[in-house]
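By letter and in written order, the chains are A, B, C and D; residue numbering begins at 1 in each of them.
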């Protein structure tokens, strides 16, 4: 146990002088179980998406033709799969530098999970409504749900920084990079949502691009932190 | 391995003189896998809730109007999401101080998981029945299910204390705080359930408030325990 | 790393002279991930059960009356929840003493998971068919699925013992106790299945009793093993 | 912490001089959480398969007769269960020798999970269309999905080798064995898919045989690696 938060009596000691109920001042352990629960919700939400892809076959229609018409369903499936998958990677990257968890962080994380678990509903609506006014409505809801996720990520990050829940040794430059990254993400998703008012499919395309940009684009400057996961 | 229950021959030894089948006298390991299984059930139950949110669109009705009428479905989704999320946090907080697991604890935990996994059913009924006698019935079942969860938490806690399954070093004051907390929770959920006889939506509001109060309100006094998770 | 299987060059070494692809001669690590995957499947199967509990309300029927008729659905839900929950506990108890995993063990475990994941189907049929010849058929399938689980547990246990995959230091008496336990379980579930030919509900009652007896009844004699999970 | 990648200042140090956001140069930790997320998706996909097995009972038909006609559904369930189960084992075997994770590996793994999570859809179609032109179409989609999985495994493996993400000490012979194994798997699944043009059920039989051959057939030569999971 090389990671020794100030609450610890000293290295080698395994007494925690004050174990609060919610683990507010506890060490790495809480973040690990919060990540495990979040991983579970994200893994289930991403896998449930397929339950809503239904290939409707008209009487006398061949399966090949029906599959051809299932394009929007499969496209929406792929887009939401990408969003949740990259959100998982982002969640993982973020919580690697969170050393402590308090009640409001639990609540902000629950808000994020609530938006992610809600995503199958707008995904289904987007696949069902591909033209007319309803296509605009469906895509607005889809974009708003992703914007809600971006907002929750910002709340988690701001709360973590303000309450000193970050791992020791995260550089100020790194923090600023993450600040910019998260605010830019929020702005980008909000703008992509508003595009639904003009052309619904633009929302799907731009949010997919944003997610890929998040994963493959520039990362925050490398941080020099005390490894919170070191045994 | 700094946590050494009396059954161990001594520090540094990795012989367990008596490994019972169900892990009655085993150390931290069992609680960890019980938590992992419980995390899984809670994560799945919380994510399945969305499957029951159906936006029913009448012929000639716009999607926007249909979404407007989905308010009760989405409200019930949000309420149950909050309940299960905070129950997860509470389960996690509780099992951090459980050092040993026996058969009856497994059974009591299974009872809790059974009530949680059952919650999607009353949630669906509450969303479908928003007026008349059926609204009372649905909300009674919803409240009763949450009261069942509170009851199972009490059974788990009482059994843990009586059989000496708690981690070493939990203060008597801390125990008393948890006693009060859990009994008050049971009473609160029971009272909220009975409110369904008068005004169904009160049950939903009061149970949501109770959950938030549990998370954000006063915690049990800080405990001074031997960290059971220290490597 | 205090657990040193013979393949290891010596304590303190972290070279594995031969890491086979499937982990046949690898140490604890493989069993841990096999347990994690199995936990996942069991947790999902147990939570999906509720999706099949449908409260069918006839026109003009009150929700209270409809719930009264949902008795068989809720009873079948509770029975299968108990079966899977206790199977999880049993799986956990068994794999605590498995030190090594090979390909056939993976396959036997997959067979077990396949029967468990199949259980929601006969559970639904049992709830739908409560009288007449179909009740016998549904309960025969339900009992046969549980008997399949018991068979898979026996295959896992026999293979583990024969191929020397057990943790070191498990006493011969302990092995004999588990032998008897597992064969008795298989016989018991088989007999309970055949009862479905006479009186379907007896199968549900006897299998529930068997599961509770497994959890709360006599355990195998305490074993003295080298703790495979010790860090 | 005996596993010391070059980025580490030295053994005993717990400073990571450069922690990139996505963990590109981080050690074992990332691979562990990637495996946990993948385990979750695979466990859910395998368990959701049963939701699509529906026993349709015609008016006046006995349940026994209806079950007799559910043969294709149950066969398709068993085949896909086997595929996902063995893919899980293969995924686990592969990631035991991956020491580092970068962004493209995350994306390639997401592609694999996307194909696996998609499998319930073609499985359902295969069970519903057992004759005529639609049987060919359904089986082509089923085979193509499995071929997509094989392709994603190849992408993951190639990327891991090229970017030096493998654990230290994996022999060149071992790498060549895995190269051949993965390319042969891709070719085999592709050929099995094309068989659907001639005789649909051959695709199901040959892909099941390929999976069993993967699990029970010859493994890559034993590798001598530094155990990345050693504590």
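Everything that follows uses one rule, which is that contacts are C-beta pairs under 8 Å (C-beta built on N, C-alpha and C of every residue); 3 or more make two chains touch, one makes a residue touch a chain.
Computed from a predicted model, the values in this text were never measured in an experiment.
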Fill in the blank from the handout: Cα rotation angle, subunit A onto subunit B, in degrees to the nearest 5, is 90
Practice task
Specify, for the interface formed by the sequence copies subunit A and subunit D, whether it is same or different in terms of residue numbers shared by both sides, with half as the dividing line.
Solution key: different
Problem - Rounded Å distance between subunit B and subunit C, as computed from the means of their C-alpha atoms - result: 24
Handout entry: For subunit B, residues that touch 2 or more chains besides their own
Key = 36, 40, 44, 48, 51, 231
Practice task
Please give the residue numbers of subunit C that touch subunit B in the complex, ascending.
Solution key: 2-3, 35-36, 39-40, 42-44, 46-51, 53, 55, 62-64, 67, 77-78, 81-82, 85-86, 88-89, 92-93, 96-97, 169, 215-216, 219-220, 222-227, 229-231
Handout entry: Residues on subunit A engaged by subunit B in the complex (per definition of touch)
Key = 1, 14-23, 26, 29-30, 33, 36-37, 40-41, 44-45, 48, 51, 103-104, 106-107, 110, 113-114, 117-118, 120-121, 125, 129, 133-134, 137-138, 141, 231
